[in-house]
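Two complexes, one shared chain (chain A), two partners (chain B, chain C).
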Partner chain A sequence: MFELRSWQARLGFGCLLLLIAFFLFFPVYWALISAFKGNSELYQLNPTLFPGEIHFGHFITALTEGNLLLQLKNSLLTSTSSALLNAALASLAGYSFAKFEYPGKKSLMLLILSAQMFPFGVLLISIYPMLQTADLLDTKLGLTISYIVFALPVSTYMMYSYFKQLPNELIEAAKVDGASNFRIFYRIVLPISFPAFITVTLYAFMWSWNDLLYSMTLITSETNRTVGPGLLLQYINENNADWGGAMAASFIAASPVILVFALLQKQFIGGVTSGAVK
Partner chain B sequence: MADLQLKKVFKRYGKVETIHGVDLDIRHGEFIVFVGPSGCGKSTLLRMIAGLEEVSEGDVFIGGKDVTTTQPSKRGIAMVFQSYALYPHMSVKENMSFGLEVTGESKDVIEERVAEAARILKLEPLLDRKPRQLSGGQRQRVAIGRTIVRKPEVFLFDEPLSNLDAELRVQMRIEISRLHEQLGNTMIYVTHDQVEAMTMADRIVVLRDGNIEQVGTPMELYHSPCNQFVAGFIGSPKMNFLPVSVTSVVGQTVSVRLPDSQEITLNVEHGELAVGDSMTLGIRPEHFLHGESADITLQIKGDVIERLGGTTYVYGELDGQTLIIEADGEKDIVRGELMDFSFHLNRCHLFDKDGIACKQLAVEAAAA
Partner chain C sequence: MVSTQNTDKHTTGRRRSLKAGDRRFALMILIPAMTAFLIMVFYPFMDAMSMAFYQFTIYDLEPIFIGFSNFQSILTNPYVLESWVTTAIFVVGTTALTMCVGLAWALLMYQNFFGRSVFRTLTLLPWILPSTVSAFIWAWMLNGKYGIVNALLLGSGVVDENIQFLSDDLGAMMAIILTRTWISIPLFMSFFLAGLQGLDFQQIEAARLDGASNWVVVRRIILPHLRPVFLVTAALGMIGNLQQFDIIYALTGGGPIRSTTVLSIEVYTQAFQNWDLGMASAIGVLWVFTLMPLVVYYLRSLFKED
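Now for the complex of A and B:
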C-alpha cells in the first residue's frame, strides 16, 4: 500500500472517498426511502430527502400481489445451482490447467478464454437454438445451464490462477502419501483453495441473480419466471410505473444477496495457505 | 532389505540433459548424502528415486525390484521436502495420519503409529495444532513424523534443514542422525552444506553438473579426494591450491616448484607428465603447523587474522597466492608480520592440469 504523508493529502483522499461513497450509496438510499414513502409523497413535485411518515404499504402489496415469492424461489434455485455447478466445473478445469501437462493444453485454455470475448448477448443467439433443440427453453434447467456457459470461462481462469500458485511440493507430498489425483484434489487442493472457490461461486451467483436478458428471453411462463424480469414486468410496463412498489420489491429481492455476502465475506480473506510451505 | 541401485540413469528435459548416466549402489541401512553445488542435479536425482520425476533412461531398483515406472507411493519410500509441504488445513495429527488413511489402515493402527511417531519426535503436545501455529523446527519435525508413520524402506530428504536458523540446524541434524540410528532404515539426504554431509553420512556422493564425482565415506573423501573439485568441496575452510610446475619426472618420483621457488618431491601415481607441466598442489588449512617443525616451511605474511577462540585463521600471501591457515588460537600471531608455517609432505595433494588427483604412494619413499 502507498502511504499518505501529510495531513493535507490524507484530508484530500478522505474527501475523495466520501464523494465516491456518496455516488455509490445515494441511489440506494433514494430507493430505500422511496419504498417507505406513501404514493402522494413519492410523486410530489419537490421530492423529500426523508420520508414524512414511514409507510409499509408498498412492502405489503409487493408480498401479497403478484408472484414475488415464487419468483424469488426460482431465482434462488437457478442462481444457487448455477453458482455451485459453475464453481465445481471451474475448479476441476482450473486444476487440470494449473497442475497437469498434456498436449493441446495451451490452445484449450485459449479457446475457453476466448469464449469470454463475445458479449453475453451474442452468446444468447447460439444458446437459444441449442436449448430449443434440447427442449430446455422455458425451463429452470435451461436457464441454469446458460448461466454456467457465461460464467465458466472467467471462473476457470480465476481458479487456474489460484491453483497455479499452490506449491507443487504439497501435491507431491500427497502423491508420495499414496493419494490418487482426485483425492488430492478434494482433500488437499480444494480445502486450501476455499477462498477462491467462494469468490467464484459468488461471482456466478451475482451474475445470474442480476441477469435480465437471459431470463427475459429464455423464460416465458409465469411459473418459471425469476425475480429480475418479474419485477420489471409487474411494476414498470407500458401501462404504469409503480415506483414505490418496484423499490419495495427490489429490496425484498436484494435481501438474499446481501445475506449471502454477509455470510461469506470472511471467506474472501485468504491466508489459509500460510504455514504450508516455509 | 532396501538396498537401492541406480543403473545408468539419465534425465533429459527435451534436448537438455541434466543427469548424465549415474550409477550408484546403496546398501540397506546406509545414510547416504548427496552433496554438490546448486544446480548439479541433487534434487533431480532424489526425485527420480522418489518417482516424482520421470527417468529418461536407465533403471532404478529398490529392494531388488525394478521401480523405474512404479508410482511413488508403491516404492516404499517417504520424502521430506525442503518446504516441509505440510497440509495447511489439517492438524499435526491429521497431517501424519493422512497417508495411512489413504492406504486404508485401520483406526487403531493409525492411532498407534501416530502416537509412536509423536513420542519419538516429541510432538505430543502439538498434535491438535495447525501448521501455521508451529515454529520452523516443529514443522520440520511434523514433516519427518509424516514419513515415519508410513514405515518406509527408504527415507528421502531434500535439503530439509535449509529453512532453519543455524542453531536449530545443528540440533535437527543430530536428531535426524539419532533417528537413523533408531530406525535403521536407508536414508538419502540431499544438501549443499558439506558440514551436514561430513557429519551425517555413512557415505557421501559428490555431484557436479549431473555426474557423480566421487562416492566414499566422509574420511575417504577428506583424505583422498579423487580430484580438485572434491578436494575443494569437502573440508572447511577450503583446501588451499598452489600452482606448481614440474621440474623433473623420474618414474613415479615427481618434483615440482612452488610459487616461492622451493622444490618438493613426491612419489605419486600419475598419467602423462613432462618437465614444465603446470600442476596444482593442495594443502588443507588445518595441516599447516606453526614454525619450522614439518617437512616444508613457507614464509607467510598474515594480512587478515580471524580469531575464533580455539583456532585462529590466518589469511596470508605466498608470492601472490592467497592461503588460509588454521592455527592454534593460543599462538601469538601478529598481523602484517612474516611468519613460518610448515607442512608434512604426506599431507599434500597433487593434481594434474585436468584437476585429477595424483595419488601419493608410499610415505617413506617420498622423502627428497
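Now for the complex of A and C:
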C-alpha cells in the first residue's frame, strides 16, 4: 500500500513501526525479565535492561507459596465452561434469528443487543442477592453462570451474522430429503459453522478470563478464588508489594492462554471483527 | 438443485405444516438463550433500575420506597458529578489515544513487510493477559522509585526527578489511560484491518500515477474509506471504556483520593463497600443514560443494512 522506495519513506515507516512496537511489546519484555531478576537487582535505582544473573527464585515462590495453581484451575474451569455454555446458547438463538421468520423476531434481537447499555457493575447489584438467594454465592457454578452476562448479547449477534450468510439452499435441500430441523442443525449447520463457534467461544472466554469485578465480588473463599483477585490479594496491597513475585506469578497464570491463542490466533482476528463491525 | 416449486395440493398442505413446525423449532431453540438473558441480564437490570427509587442500605431490612430522593442527593453531591467528569476524561482520553495508535498500527500491519505476521501475532498479547496482570505490568513500569519509565525519562533528561505516577492525580489518570490504551490496541487494530479489506487498489494506483505521496493516499483515499468503521469503532470503544472497571481498580483503586474514581468504581464502592444499594443503583441510572446514545448509535449502524 505504501511506497517505500525513497530512504525518507523507509525511515519514517521504520521509526513509526519501532515506536509503536516499543509501546506494545516492551512492557511484556520488561515484566518477563523482571521476573528473572533477584531482589537486589530488581530494586536498584538504575534498572538493568537484561538480568545480570538469571534467577528462578520468584517462580519457585509463586508456585510453592499461595494457591496460584488452584486459582489458575478455578479460572480456567469457570471461564471455559461459561464460554462453552455461552457459545451453545448463542448458536441456537443465532440460528433461530438468522434462518426463521416469526413475529417479534426483530424486537427480541434488539432487546438482547440493547443489553450493551446495561453496565456490568449495575447488573452485579442485583446478581449478588440473586445468587445469595439461590445459594450460589461463592461457588464456581454461580460465577460461571454470571459470566454469561458479558458475552451473550454480542455472541448471539456474531452467530446470527455468520448463519445469515450461509446459503438457504443448503437447508432447503436437506429438508427436501426429509431431514428434521434439529437434524439439519446439528448434522449440517453446526459442523460447517465450527470456526464461528470457536471464535465465539474464544470471545466469551476472553471476557471471563480477563474479569476482575465479578470474580472479586462473587467469590469470597480461598478455595474458589480465581487468578485475577488472587494475584491482587497476594502480591500488591497496602502492606507489601512483591514485584518480582507478581511478575513471575503473572506469567505462570497467563501462559496456558497464551499457548492456546498462539495456536488459534488466525481464527480469532478474522472472526471477532466480522461480527462486531460490518 | 432440487426444485421445490410444486403446486399440487398435497405438497402445499405439507409445506404449511412444515412452516408451523419451523416456527415451533425456531422458538424452541431460542428459549435457552432467552431464559438466560432474562434471568441474568434483563431482570437484574430492571431490578437495579427500580432499586434507584428505594432506600436500601445495610441498616434496612427491606427496601424503603423514597421516590427521587437518591437522585436529589446525586445532584447535590459534588462527588458523583465529579466522578462523571472523571469518567468523561478517562473515556475520551483513552478512546482518542487508542484510535490514533490503533489506526497507525493497523496501517503499518497492512503493509507487506518481512516479519509482519510475527508482529501481528504478538500484538494480541496485551489483550489475552488477565486485567490484573496488565495492571501489574504497568504499575511496575510506572513505579515511582524503581520504574523503567522514570529511569528512561530521567536518563534522557526529560524530567529532573521521578514522577510519582500512581500517587499523583494527573499521573494516576495518565497511568490508567495508558494501560487501557495498551490493552485495547489489539482489538482496534483488528477492527481497522477488517475495514481495510475492502480498499480499492485501483484508486490508489490511479492516485500514484498522478504523483500522490503516501500521506496524500492516506488522507484522500484510506481515511475516507475507513470513515464508517472509524465511527463504529469509536462508539464501541467508548462503550467499552465507559464500562471499564478492572484496570482502574487494580491500578489505582480509584485514587489517589478520588482522582480516578470513575462511575464504575463509584457504583462498586457504594454497592459493595458501603452496601448502599439504593444509591449505587441511582448512580447506575446516570451511568446507563450516559451509555445509551452510544449504544443506540452502534445498534443503528449495525442494523442499517439489514
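Just so it is clear, the second predicted complex is superposed on the first by the 247 of 278 C-alpha atoms of A that agree within 3 Å, B and C clash if a C-alpha of one lies under 4 Å from a C-alpha of the other, contacts with A are read in each partner's own complex, and residues count from 1 in each chain.
Just so it is clear, a residue touches a chain if its C-beta (ideal position, glycine included) is under 8 Å from a C-beta of that chain, and two chains touch if they have at least 3 such contacts.
What you see is a predicted model; the values in this text were computed from it and never measured.
Peer 1: Using the superposition described at the top, determine whether chain B or chain C touches more residues of chain A.
Peer 2: Residues of chain A touched, chain B against chain C: more for C.
Peer 1: Have a look at where A:Arg183 lands relative to chain B and chain C in the superposition and call it first, second, both or neither.
Peer 2: Touch status of A:Arg183: first partner only.
Peer 1: Touch test for A:Trp7: chain B only (first), chain C only (second), both, or neither?
Peer 2: In the superposition, A:Trp7 touches no partner, neither chain B nor chain C.
Peer 1: Touching A:Val28 in the superposition: chain B (first), chain C (second), both, neither?
Peer 2: In the superposition, A:Val28 touches chain C alone.
Peer 1: Using the superposition on chain A described above, determine whether A:Phe50 touches chain B (first), chain C (second), both, or neither.
Peer 2: It touches nothing on chain B or chain C.
Peer 1: Pick one for A:Ala246: touches chain B only (first), chain C only (second), both, or neither.
Peer 2: A:Ala246: touches chain C, not chain B.
Peer 1: Is A:Ile192 touching the first partner chain B, the second partner chain C, both, or neither of them?
Peer 2: A:Ile192 sits against chain B, while chain C stays out of touch.
Peer 1: After superposition on the shared chain, which partner residues are touched by A:Leu170: those of chain B (first), chain C (second), both, or neither?
Peer 2: In the superposed model, A:Leu170 contacts chain B only, not chain C.
Peer 1: Chain A residues touched by both chain B and chain C?
Peer 2: Touching chain B in the first complex and chain C in the second, residues 169, 172-173, 175-176, 272-274, 276-278 of chain A appear in both lists.
Peer 1: Which residues, counting only chain B, touch chain A once they are in their complex?
Peer 2: Within the complex, chain B touches chain A at residues 50, 52, 71-74, 77-79, 81-89, 98-99, 102-103, 130-134, 139, 146, 150, 163.
Peer 1: Show which residues of chain A lie in contact with chain B when the two form their complex.
Peer 2: Chain A reaches chain B through residues 167, 169-170, 172-179, 183, 187-188, 191-192, 272-278.
Peer 1: Quick one: which bits of chain C touch chain A in the complex? Just the residue numbers, please.
Peer 2: Those residues of chain C that touch chain A are 1-2, 4, 18, 21-23, 25-27, 29-30, 32-34, 36-37, 40-45, 47-48, 51, 101, 104-105, 107-108, 110-111, 119-133, 136-141, 143, 145-146, 148, 151, 182, 185, 187, 190-191, 193-195, 199, 204, 208, 214, 217, 222, 229, 232-233, 236, 239, 242-243, 245-246, 249-250, 263-264, 267-268, 271-272, 277, 280-281, 284, 287-288, 291-292, 294-295, 298-299, 301-303, 305.
Peer 1: Spell out the part of chain A that touches chain C in their complex, as residue ranges.
Peer 2: 1-4, 9, 13, 16-17, 20-21, 23-25, 27-28, 30-31, 34, 42-47, 75, 88-90, 92-93, 95-97, 99-102, 108, 110-128, 130, 145-146, 148-149, 152-153, 156-157, 169, 172-173, 175-176, 181-182, 185, 206, 209-213, 217, 227-229, 231-232, 235-236, 243, 246-247, 250, 253-254, 257-258, 261-262, 265, 268-270, 272-274, 276-278
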